[in-house]
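Look for chain A in each of the two complexes below; its partner is chain B in the first and chain C in the second.
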Partner chain A sequence: MYSEKVSSLLARKGIKIGDRIRLNARGSMFEGRLMPRPDAGSGDVIIIKLDNGYNVGIGMEGDAPVAIDKLQDSVITTSFSNASASRSAKNIAANSAKVELLYTGGTIGSKVDYVTGGVYMLTKPEELMYEVPELGSIASINVRHLMSVASEDISYREWQAIARNVADAFNCGARGVVITHGTDTMHYTSAALSFMLKDLKGPVVITGAQRSSDRGSSDGFMNLICSVHFAARGTIPEVGICMHGDTSDEYCNFIRGTKARKMHTSRRDAFRPVNSTPLARIGTDGSIAYSNDVTVQNNAKDIKDMKTTAKEAFEPKVALVKAHPDSDPDIIRYYSGKGYRGIIIEGTGLGHAPVSTPHKEYNWLENIKQAAGSGVVIGITSQCLYGRVDSSVYRNARLMADAGAVYCEDMLPEVAYVKLGFLLGNYGSEEAAKLLPVNIAGEITKRSEVDWFV
Partner chain B sequence: MYSEKVSSLLARKGIKIGDRIRLNARGSMFEGRLMPRPDAGSGDVIIIKLDNGYNVGIGMEGDAPVAIDKLQDSVITTSFSNASASRSAKNIAANSAKVELLYTGGTIGSKVDYVTGGVYMLTKPEELMYEVPELGSIASINVRHLMSVASEDISYREWQAIARNVADAFNCGARGVVITHGTDTMHYTSAALSFMLKDLKGPVVITGAQRSSDRGSSDGFMNLICSVHFAARGTIPEVGICMHGDTSDEYCNFIRGTKARKMHTSRRDAFRPVNSTPLARIGTDGSIAYSNDVTVQNNAKDIKDMKTTAKEAFEPKVALVKAHPDSDPDIIRYYSGKGYRGIIIEGTGLGHAPVSTPHKEYNWLENIKQAAGSGVVIGITSQCLYGRVDSSVYRNARLMADAGAVYCEDMLPEVAYVKLGFLLGNYGSEEAAKLLPVNIAGEITKRSEVDWFV
Partner chain C sequence: MSDAHDYAALGFKCGLEIHQRLATMEKLFCSCSAALPEDAHVIDITRRQRAVAGETGMLDASTSFESRRGRLFTYELFRRSTCLVDIDEEPPHPLNHEALGIALKIAASLNAKVPDELEVMRKEVVDGSDPSSFQRSILCGYSGSIAIGEKRIGIPSIFLEEESSGIEPKAGDGVRYNVSRLGIPLIEIDTDPVISSPKEAKEVAMQLGLLLRLTGNVQRGIGSIRQDVNVSIKGGARIEIKGFQDLENMDKIIEAEVSRQLALLDIRKELLARHASVGNAVDATGIFLKTGSRLIKQQLERHGIVLAARLTGFKGVIGRSIGDNRRLGSEISDYANGAGVRGILHSDEDLSAYQISMDEAGAVARLLGLNADDAFILISEERGRCERAMQLALQRADAALSGVPEETRAVAPGLFSTRFMRPLPGGSRMYPETDVLPIDARPMLESAFKEKISIEAITAKLYSEIGTPQLAEQMLWSRELQLYTELKLRSGADGRIIAVLLLERFTEMKRKGIDPSSIGRDALLRLLRLYSEKEITRPAMFGILESLPKSGRDVDAELDSRHLRRINGKELKRLVEMQKGHGAEKAFDEIMGVHRLTVDAEELRAMLKTDA
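Moving on, here comes the complex of A and B:
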């Protein structure tokens, strides 16, 4: 909301949010789209987004504009709704694919506060759409404001809500779904949705931003554009993460939801496939190149008659622990004692824990045996992340397998953790242990390729 | 030890272990080095290592050799000792650099048992030297058999023993030290030695193998050759890991001990620098190429008068825990209650834990505040591994820093864990918290370079 002074100036000129305007100020001409004003109480400032992606704020005092003109109406052609509004189609571009955009929060919906310098989260995701009006020419987009949560605060309850909404969207005619999400735990959510959603009618594309939207280096707009392209036309009916493929701003990767991992704290190309290749590469121009071995959507099947379902039961009493030098095996007993039904161990190398150490207090074997014996599902993954665990090479791993630990092939530790929560939510412990090392949603591959490494 | 039948045959021919022999059997000629026989009770078999790296076993029964001849004496020129033997110099190549080889166990000292198919560990590390006699032409090597432990079973007590022996070796005239070690926790040990050892007179080169020594694809011999080259002539007086740089068998990398990580369960080039580049590249021919920004040994300083010391005190009551969706913050209270003095949290993204979640049972903030308030040092790293944590960008991280958590820059979680154990072993908690985010042994860099990523 702009200040009264600015609002009345804009009203006189017939300028609305999103319109393209030209502004003569500070002895220069500024041309771009009028942005919404994020904070009401910080003075008389007009904010426009320049074509180079940067936002500038032009004050009404010292450097007041000597002229301000509207060049073009807002080109936003998308319809908006929020969680409480009806889902009735208000699409303007009637012939284009219907894409549901589920907004959950995160950096893609964050902005720098021009007064405090801090980052705050948008309360109205529609603001996001004002900044990328070109989305309207790609698809007919319905925005739903599900929640505004930083992804590190997301829990399985949010996964369930998202899964339900994705299923609803497909069953109400969406061709694809885009989910905007914080990047911190995006790969946990992508894994959860991969397991929970059945009979997808189209792609579920999770995207976000590593830099907030008013930084010149922001990746959010491009990620969103590539994601909507893929939701509208991509032929892989799976859950995946769509983020920058490298730092060139030329393409995004679509990475399988159970094979993706955030591998860098700040780079725009932080998301990488682990023990996999990207399933597709999407250019900013909408071009899509597919990897050789992906399931392409079965068009023979009558998608209209399919019903997407969300199998959302989840057991949160699953732990993820790391075995390492001097790690205390009592952690297994601690979680068993708290009623935990599953524990994923990030072992070393091929999936080892200290089990032949001469130092008794560090020996994990007895604790693993006791927990497994009492029905706790113990899964073994590797903290190496890349590669596959194997209980057949060294004695220590064979001892662990004999004690009842389940070796999880080439599954990422985080994915095994999410999968075990999903399995224990839907099945008994014995069945869950049986299904843990069996591929359900692309999380396990039979054979590793040589180029699946950093 | 060979069977009596084989032993007497070899004695008649004047053939000893390590000699080059030719054997006519099964209608073919086999030429190679005579290997020691690993297991006494498994029949009359002669084992020779062919020039292609494979071992073959020739039985004395059906396919008995029709001829066996010695071609050349063993070319092993190194001296051997074991932990109980005296350290007196028995070096044959008097002019070459003295390199101490500390044997601790692991795959590099393992072999497939020809009877059971399992992998077992050598009890006599000298056997390793028989297989790589060319080491003797690179340096004058003294082998010490410190222990035979799989690296997943190693604890801080083994780190202390290794550190003491490294210091002793330098103070007794070694130019460099090579440590053979299992690969699973090699990077934990390299970090521990980096912190424990002061005033190194030369390189401490940790090496091992991803494949056991009688597999054709074994990497151990080449890793050992490159490591001895670097210990004998390398000019970086630091602890580092020397393993395959890629899969070409052409060179090894020397990676700083506090910046290395095993990133693949089985590849020979599994070890990668994280938030760093390799310090040097060592060709199998002994060529050494240095990275641009390494400390080259100060030759002006009189190394002879220096004394290498091992600051070996270590506090094992430090935990390494991961924050993730639905992770239970009670884990902080659990470790505090057990008398743990430090906890390293592998946070998400820039170093976050769930601290603004609406689900109270998953909120980590109060537990962090309580533990930090009672003197437990809480360090924050990122499970992304690559990149740097930062408490200034998002509110959740600011809340955590305000609660007393220490942000650990671009330190790997495992390295922060080892460092905190080292600091708490040597300093009070306040001093340890102060030193945790300060560079001591190359574990923290001021600035990240663009190419420091996968």
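Moving on, here comes the complex of A and C:
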């Protein structure tokens, strides 16, 4: 944002962002378009886009004489128009599968807004189709704008809305559903949808982008293409994440929604299956290779009579806490005091928290026992992420299990958190505690295969 | 040499873009080594890229042209010189301040002004040379100038930017880039289009290169400096020529470009007089079902098609020469190449060379309804590619009616001509780099201007230090200038003897097959110190110099083992006294005959003179 001084100067001259201006500063003349001030840097520096496309910043501080004049009103055009949207809509291949594209926001749907200076979410989802016109030849796509939310801002309420819309889409004839989503919490959403959605008629493919779509190298284009391919033809009626399989632009992985995790802050292949293998690999050309252990497939007759439902009740009073050296066990008391009905502990190793320490202030045992005794469901997962927790190997874990903690097998901590919220929303605490270590939506596997590790 | 054209009368306009890699430790936006790696690459990755709208919402002509090619790019990654930033898998780190310091010093040396705040921009490149599909670039200087004799050439802009990847020789289907040099800091200096002749263009390029070398902060060696030339004539169009390997032929290639534009303008005149026009693509596959043409047969076997198009009034014009091994047909063909076809066939060439029969050619002419003045072009390829290629070819043929299209062209290797690369890029390929904060340049300006380089001042200093103008001028342009400056500063020796040693003696050694580059700085420094402290004579210094690469000994060991310590003062006096009675001339010859390398002739002469 420009400083008050600069803003009022611009206002006095009737100059708006985007206008063509002439600026004479300390003997140098600049002509170009007034650009918005990004959040960073001094608000007293005017940014002007020269005719060669470069931006330069001219300081307006001090008493230096600066003359600024408006030459022409803003002529910023946009690459997107309704005409081009209808053109791409016409591009749709006849007789192709119906795919519903639910748009929720995130990097894949974001652009730099050169008028306000910020990154903004696309509000016209058709813009996405305009950017990736080849989608139209893969499937008959119905784009629906659900929300424009950055993924870190997504809550269970958004999961509920998405789940409802997915169910509606299938019941209205969609072959598959693609959800564009921010990547940060994509794996929470995928887990939530995995638990909430019952009797899916086809794949629910969640996708996004690690690099914004205003750059020609964005991973979002390919992720979207592979996702639509899978939604249109994939034979796994499950919720999964479809993103780059490695750093090259060659194929995407379809990872089970309860086994996926974002494992890198910035790489395009950030999503990895944990304690699982990708269910399928999708090439940019639409080729799909299924993993050996995937056999699920609906047949057409079944689908016709099926009705997809969203079991959307969710208990948000569930916490996810991490046990680490010197961690304060009062965190358990804090949450149970606030009426939380469930706590997932991300323990160390096979699922441990400090319970035998001679330093009483760091001993979690008493608090776990108390919370569990008062009906709070305590689930134990591991911060190792890979592998299975076990309460029988070491004494400390046995103490925790005896205190009432539930060991969550090879379930990811975030997935356990989502699952417990889902269970407590739909069942009583006792039932929820019983179901927590039992597989519902692929979140727990009985066998750990050799090549399921990084 | 007299000029091939009257450039003033032609409305010749020419400006340069000089690109020079800076010598920094790290890359511009990450901590990878900025030195080119010597080891092999460790991994390949592939990327697809597409054109996206720029800041103003417009797709750029050049980027959408490239992106339509739909190519897959392969990148070779290196251990020490590639990281996630280079392949657009991690946001850029803050700007390298060493590079910025050098850029501002260069801006100061070109008397340029520096914007108060530097804004990092993304310049879209979809030829694949950058895995991120854009190059980061900063306008860091404006309103500068450089003197060429009496004339001042304006420098409107100086940019600090990332080097692109190096393209690897054709390997298989896709395009392969070496990512090691990507992101090395690069300075781009643009001149005003006021250069008045090809010869002057070469002079300006040389002068800018000299200034950059004089900073001592630029990389040396093949590819470390590149020159792009923008050239146009009245009625023609702006053409950017890339890929000058050296300055040697720059003037001749600019001259050839002027000739090309003149030839295209002549062609335009003739085409307009003939009411020429460009037709549409027509499927001619049926004519070639039983063809003897290997080229077409091969395509048809792969279910390709043959497209033909009428060029009304073009007969004889497609085959007309417009430069060294170039015809209008080569221009049309270059455009079609953009769709990935190998070339086009046209009726101005000998089609029997492609085993196309007279009957087939006649059938095409009938299909298109050709008249006597008309020509046709043919393309055979897989359908999508063929249609796209024909569209591009017809676009170029149509442009012939308007004269010269604006283009980026590349120097054709081994020829005095250029070939089409892509349409000229416009301003809309720029948009802000939102991942890097703007940089306040004002606190850095004072030190940059203090380090400012002046060619005039350095020239004057060399003249006074070295004495002889010819040697001083030679040193100014020499690769050894930096070494000279260092030796001068540290040895206390006379500038002239250093210049003689680095220029004349080094050249002499190379002639004898001795490599002077193996002699270290410290050895040179020791030799010059011994000489200026009168510990050795000049012939002894040169003698030791020549023997160092072979003997591998250090200077003092060489000196002792060959007993080359200089005889002077009292010792020399004793030698002179032993010759008493012989005349001065005889005494001189006697002594020098025995002690040629250890006695300084001038000292001896002076001593004999006072004795006499």
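Quick note on the criterion: the second predicted complex is superposed on the first by the 351 of 454 C-alpha atoms of A that agree within 3 Å, B and C clash if a C-alpha of one lies under 4 Å from a C-alpha of the other, contacts with A are read in each partner's own complex, and residues count from 1 in each chain.
By our rule, a contact is a pair of C-beta atoms (placed from the backbone, for glycine too) under 8 Å apart; a residue touches a chain by one contact, two chains touch by 3 or more.
Please read these numbers as outputs of a predicted model, since none were measured by experiment.
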When the two structures are overlaid on chain A, which partner does A:E250 contact: first (chain B), second (chain C), both, or neither?
second
For A:R267, using the defined touch cut-off, is the partner it touches chain B, chain C, both, or neither? Pick first, second, both or neither.
both
Of the two partner chains, chain B (first) and chain C (second), which one does A:K49 touch, if any: first, second, both, or neither?
second
For A:S137, decide between first (touching chain B), second (touching chain C), both and neither.
neither
Now for A:S287: first (chain B), second (chain C), both, or neither, which partner does it touch?
neither
Partner, of chain C and chain B, that touches more residues belonging to chain A
B
Does the superposition put A:Y334 against chain B (first), chain C (second), both, or neither?
first
On the A-aligned overlay, A:N439 touches which partner chain: chain B = first, chain C = second, or both, or neither?
neither
Quick check on my understanding: which residues of chain A belong to both its chain B contact set and its chain C contact set?
119, 247, 265-267
Note: in the complex, chain A contacts chain C through residues 28, 33, 35, 38, 40-42, 45, 47, 49-59, 76-80, 112, 114, 119, 131, 210-211, 213-218, 221-222, 246-250, 265-268, 284
Considering the complex alone, what residue numbers of chain B touch chain A?
118-119, 149-157, 159, 182-185, 188-189, 247, 262-267, 269-270, 272, 316, 318-328, 330, 334, 338, 347-359, 362, 382, 384-390, 393-396, 414, 417, 421, 450, 453-454
Counting only contacts in the complex, chain C reaches chain A at residues 45-59, 63, 67, 72, 84, 87-91, 113, 115-119, 121-124, 126, 131-134, 137-139, 142-143, 157, 159, 426-432, 434, 437-438, 440, 442
